[in-house]
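In what follows, subunit A forms one complex with subunit B and a second complex with subunit C.
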Partner chain A sequence: MAQFDVGKIPVRQVSTGQRIVLFFRKNSWGYAFVLPSMLTFAIFTFFPVIWSFIISFQDFRPRGGTTWNGFDNYVKAFTTQNNVFVTALKNTAYYAILTVTANILIALILASLIQPLNKYAQTFFRAAYYLPAVTSAVIIAVIWRWMFNTQWGFLNYLLSLFGADAVRWLSDPDIALNSIVLSTVFTAPATGVVLFSAAMGSVPKDLYEAAELEGAGPVRKWWSITLPLIKSTTLYVVVLYTIASFEVFEKVYVMVPSGVGDSTQTIVTQIYQMLYSNLNYGVASAQAIVLFLIIATISVFQFKFLRSDVEY
Partner chain B sequence: MAAELVNVKGRTKAVSSIWWKVPLWLALIITTIISLFPMYWLFVTALTPTKDTIKIPPDIIPVNASLDNFNRLFSQAKYYSNWAINSFVITITITVFHVAFDTLSGYAFAKKKFFGRNVLFWLVLSTLMIPPHVTLTPLYFVVQNFGLRDNLLAVIMPGTASVFGIFLMRQFIQTLPTELEEAGRIDGCSEWGVFWRIIAPLSKPAIGALAIFTFVRYWNDYLWPSMVLIKAPSQTLPVGVASLQTEFSTDYGLIFSGASLAALPMIIFFLLFQRYFLEGVRMGALKG
Partner chain C sequence: MTKRLFPQYQRFGLFMAMALFMTLMLAACGDNTATPVPATTAAATKAATTAAATTTSAATTSAAATTAVATTAGATTAATAGGASVSKSGFKGTLSYWALGYAPGANTGFSKSTDAAVAAFTKANPDIKVEVVGYTADQAGFAKIVNAVQAGSGVDAFRIPNDSLPVLVKQGAVAPIDEYITDADRSDILPGLLDTVKFDGKYYAWPLWVPPVAMYLNVDIFKEKGVDLPKEGWTYDQFVEIAKKLTFTRANGEKVYGYSALVDPGLVDTWPFILSDGARPLSADNTKYTFNTPEGISGLKKVTDLALVHKVTPPDFGTQKLDDILTAMQKKLQAMWSRPSGDSATLKANGLNFQIIHMPIGKSGKAVSAGGIGLIAVAANKDKARLSASMDLVKYLTSAGVEKDVPGYYLAPAARKAVTVQEPFSFFAPIAPTAWITPSLPAWTQIRTLIHPNLQNAIFGKMTAEDALGQPTVEVNKLLAAQ
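Here is the complex of A and B:
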């Protein structure tokens, strides 16, 4: 019996040097494979994020003489130029609430409408809705700017057919932001349609058959079966669109390059101007961190709110 | 009794399907027209001589179509071909690096065991929540003060890998059976050989989706290129097209000829690889 006593088996001592060699033999390929992307990640994401956070607490001077200034940049971020950033926050929230709601509803409806069609028709409509999404936001904005033209634009021409007066779509401060919202709503929510229709396609058919036997109509089936079963996709799409709408920039900047007063300023156009035109690194960083905090808070809230339900 | 039931059921079905089909197709066709009209208008305006673009009523169908705007574009916007070349150079370089780097690390995160793997992966993934605008300040400072302005590398380098690509490749490679790699090793493949001969070929669907989306994303990218590519000859198509608006303010024919040429490669690309695009979106590959 004694010869099987584990404690008495002589263990060969491993030196530190051998241990290091062993460690590298075991791990080196893993490290080698992640190294290139981790270098890019470290240099262009991780390090700049931390640096930006530091800059947001500094009076940053590119040519030397940088000093710490506590929360000054955050105070300035909100108060500079007659509180324009506060207006930008409100505008962005307004844009986000309207476009996210509209996009989600339209995507759900379009995806539901193409669901009963045959495979080829489904593919056709998905592709048709997706086409504008492969075009640069800059070009989409150039097109809409022309369609919104007060004198020769297509939209005012349409209105004139109904006898309506010309609308100053992009030059009236009370209308401009709504026009930008309109241009977003009128472009089909491509990703939403594709994701929703994929999710709807994977709902088990026998659930619908069971509901039909109990006398449920199409609307009832949609409300009680389709919607609950695609909830995780809905969550994903809502978060995706919310983030994208809070980061809205190209559309606004290209459609109304110098803004219509403050009425079309958004968070990112402010950050852009603060950095690119004013070279104010500290305040630009502070405003970018504010954007991050807003997006993080909303995402967490959306996850909590939309997730907590029963899993099917 | 049974026959009657079938009969009744068949009739209600037929009625309800006509009841639903007409408004359904109508709704689909109308929304498609609304959604595609701006794209149509882009090409119509590009083909309409500028003097005909500013009249009421506008030509809904380009009856006076000519390529005059395109001729003027190339003679008056003299850097347009530079923009196109820059766009191609930047987008292709980024896509090649992106696919290589993301696939390699996606494989390592999915299959390789190394010290600190999970911590590193979650660290990388957690930055997905951070908007890219946070990194603008330090990167802009570096570009401004180390002579990288107007240098294509300032746009290319930050784009050589992405958290999203790493995540996508990891998720895909995780589903590949590990036995294949082991079989490869037994047959004498090196670690590199396992990646190159087994993992990479099997990952083609994910690599295709990643390549397509990277290409579209950087072809259309505006914010960062517009900050660092200042001189006209160094700019990309989106930056250049946006600048046409200020340079040729009301010459809509010319602006739109430039815009339509910039949009055309992506549209053709999409029509050719449409299936992979839609498949890629389903893999969770792009917002937009």
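Here is the complex of A and C:
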């Protein structure tokens, strides 16, 4: 058999134009199918983000007369309105830490309780716990607002049955934010329950059997087998809930529309106020970019420290 | 070997490049043509206080003047047998009118009268349809309308309080009315009111009414406790004494409170108390913050003492919504409520037995109220016919003709001499002249947002009145200086 020297095999030179033609012949249908999604992404996500980034460096006037003002908006974002944005950052961080931790724990516990049930019971409980996810967040907030009403609310009615004084759930600055946290915690973490439930279902049963043979109890099995093997789902749920908690708005806006001092100011309510009350597009955009950077940074850290041996 | 033209990472770059290209194409489609916008003046506020002082006589003008105004032809309209005029704009289509406090199908006085007024206009102008959109009378609602007008589409005419107008005028979002206002209009509108809407030499809105804050007395609760109704000229101390008597628990456990009011950045319902000792938030020329004076501090203390010392307010005082207080009044769980005139129609429609009285007098020795001027403005529009039709609609909605077609349309002392306001709004007519009018300044929306959380914190007992009014000083003065 003839020996071929690969280096000496003649190669036909292809021009750049021909390469482009070949590329599109090979991949055009793929890009055609991706095009609608790409257009949607460009129009409704990429374009607004880029434009917002540009506006954050401008004194923007919607009807003309826009000027550039460098980093002034970023400085004003933190110093204007009696530094209320700093208060909003603290309040949002407080809200995020409490709600993410509580939601993850509650979702894990509920999913663990659902897992041993039979198939029909599992389906029923997964659907039941998923109901909050398909209910309007505004409606949930309105209902909670009435439950927290100091004079006519259900919670104070329950307290009155035990002879306790009424609590100013949404009108005491020391309590209002915690009331909002409570409303989030007591609304079942729908997505987390379903995702954890699905992840637990995919854990090989023989691992549990082996653990039982070794004498492991339910808690030990949960801690040593279930939790490590659903780590990828945990990472996803943590990131999801963190992003959602930093973007909290409708709960605060519906439950305390006039605010409670600045005790319930969050990042997004502050952006909303800066934009729609003060009509300051530049500062509002700067605050939005700050929020974006915060979420991105936290997400990167979460991926870095929770990822380890995660496989997708 | 053929060189790979598009390695894996380059495909991602191609995707992002295409997205960026589309973004730039979309950005290039925007119209950034600079349009001249007028400067706003602080003199508009001064004119407003003069205007309020003349409202009393305007509200009691006889019907003869109404007829005279109705027959005066405007530049673009022809008079009809009813109050509504036929528009000569030539516009055929649908106009969008954003009305403060309107809710479609709602059982409120304003919603019904707005529907009736619009129906009268469209009856006289069959080619023009009017779609009414409502928004709430609080910060959230004002933010909604301002944003809608700024967007430049979907709004032709809109109700707006005077203190929210300047920022829109500054953005070039409002059409001047100079071309459409006649000499008859000028002489009919109360003196000084037009000056509150004048910016850079042009007028930018049609004044509708001046709704001052007054005290609503829930008469049945007074009767229940055997307390005499107060008389005009009552003092703050007398008010507190009455409020204490009217704060009690019924045998069935229901708690009744003596007083409440809304506390919101867009409202001044509690401000008559703060102003009652002589304080004003800004200097006469609107260049300096003056709320942090001993008079202002003692005035604010009058409000905070109601909650913290005398305990005559509901537990949620400072964070209540309008529905909370309306419900409390209608269920006879609240004895007194300071509020402008608009909600009197709702309370009357629901059969509540109430009376209106001026706010209690403070150390200034004079009765003081607070409020704004209700305006209807037209959004800037390059379509001349549409703009003209919108002007005709707004002119009608602020005229004496609309009261002729829809008796009870005016929910506050009117801005025109020719309009005779019906009860219960006529009770507010003597109060309007004493009202401090919110300033027509572009920075006012930011200033009131700065002050509001401090007022709340003072009511909650988290801040002293001195700190509450002193803290915004530096930033408010900066905003005023930047104008």
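We take it that the second predicted complex is superposed on the first by the 268 of 312 C-alpha atoms of A that agree within 3 Å, B and C clash if a C-alpha of one lies under 4 Å from a C-alpha of the other, contacts with A are read in each partner's own complex, and residues count from 1 in each chain.
We take it that a contact is a pair of C-beta atoms (placed from the backbone, for glycine too) under 8 Å apart; a residue touches a chain by one contact, two chains touch by 3 or more.
Predicted model, so just to flag it, every value in this text is computed and none were measured.
Q: Taking subunit A as the common reference for superposition, should the pair subunit B and subunit C be classed as clashing or as fitting?
A: clash
Q: Check the residue A:Ile243 against both partner chains and state whether it touches subunit B (first), subunit C (second), both, or neither.
A: Once the two structures are laid over each other on A, A:Ile243 reaches subunit B alone.
Q: For A:Gln81, using the defined touch cut-off, is the partner it touches subunit B, subunit C, both, or neither? Pick first, second, both or neither.
A: Second partner only, subunit C.
Q: Touching A:Val194, do we find subunit B (first), subunit C (second), both, or neither?
A: first
Q: With both complexes superposed on chain A, which partner does A:Tyr276 reach: first (subunit B), second (subunit C), both or neither?
A: A:Tyr276 sits against subunit B and subunit C alike.
Q: Scan A:Ala166 for contacts with subunit B and subunit C and give back first, second, both or neither.
A: It touches subunit C, and subunit B stays clear.
Q: Specify the partner with more touching residues on subunit A, choosing between subunit B and subunit C.
A: B
Q: Kindly classify A:Leu89 by the partners it touches after superposition: subunit B alone (first), subunit C alone (second), both, or neither?
A: Once the two structures are laid over each other on A, A:Leu89 reaches no partner at all.
Q: Answer with first, second, both or neither: which of subunit B and subunit C does A:Val14 touch in the superposed model?
A: Touch partner of A:Val14: subunit C, not subunit B.
Q: May I ask you to decide whether A:Phe41 touches subunit B, subunit C, both, or neither, giving the answer as first, second, both or neither?
A: Both partners, subunit B and subunit C.
Q: Between subunit B and subunit C, whom does A:Trp51 touch in the aligned arrangement: first, second, both, or neither?
A: In the superposed model, A:Trp51 contacts both subunit B and subunit C.
Q: Which one hits subunit B, of these parts of subunit C: 147-155, 165-173, 435-443 or 453-461?
A: Stretch clashing with the third chain: 147-155.
Q: For subunit A, what residues appear in both contact lists, the one with subunit B and the one with subunit C?
A: 23, 34, 38, 41, 43, 46-47, 51, 62, 151, 257, 272, 275-276
Q: Touching subunit A in the complex: which residues of subunit B?
A: Touching subunit A: residues 20, 24, 27-28, 31-32, 34-36, 38-39, 41-42, 45, 53-58, 100-102, 104-105, 107-109, 112-115, 117, 120, 123-124, 127, 129-131, 133-141, 144-145, 157-158, 160-161, 163, 166, 191, 195, 216, 219-220, 222-223, 227, 237-239, 241-242, 245-246, 252, 255-256, 259, 262-263, 266-267, 269-270, 274-275, 277-278, 281-282, 284, 286-288 of subunit B.
Q: Flag every residue of subunit A that touches subunit B in the complex, lowest number first.
A: Residues in contact with subunit B: 23, 26-27, 29-31, 33-34, 36-38, 40-41, 43-49, 51-53, 55, 60, 62, 106, 110, 113-114, 116, 123, 125-140, 142-147, 151-152, 154, 157, 160, 186-188, 190-191, 194-195, 198, 218, 236, 240-241, 243-244, 246-247, 249-250, 254, 257, 268, 271-272, 275-276, 281, 284-285, 288-289, 291-292, 295-296, 299.
Q: Name, in rising order, each residue of subunit C that touches subunit A in their complex.
A: Against subunit A, subunit C makes touches at 1-2, 5-6, 15, 18-20, 22-23, 26-27, 32-35, 37, 138-140, 142-144, 146-147, 150-152, 167, 171-173, 255, 262-265, 314-319, 321, 324, 328, 333, 380, 445-446, 449-450, 452-454, 456-457, 460, 462, 471-472, 475.
Q: What residues on subunit A touch subunit C, complex-wise?
A: Per the touch definition, subunit A meets subunit C at residues 11, 14, 16, 19-20, 23, 34, 38-39, 41-43, 46-47, 50-51, 61-66, 80-82, 84, 149-151, 166, 168, 170-173, 253, 256-262, 272-273, 275-279.
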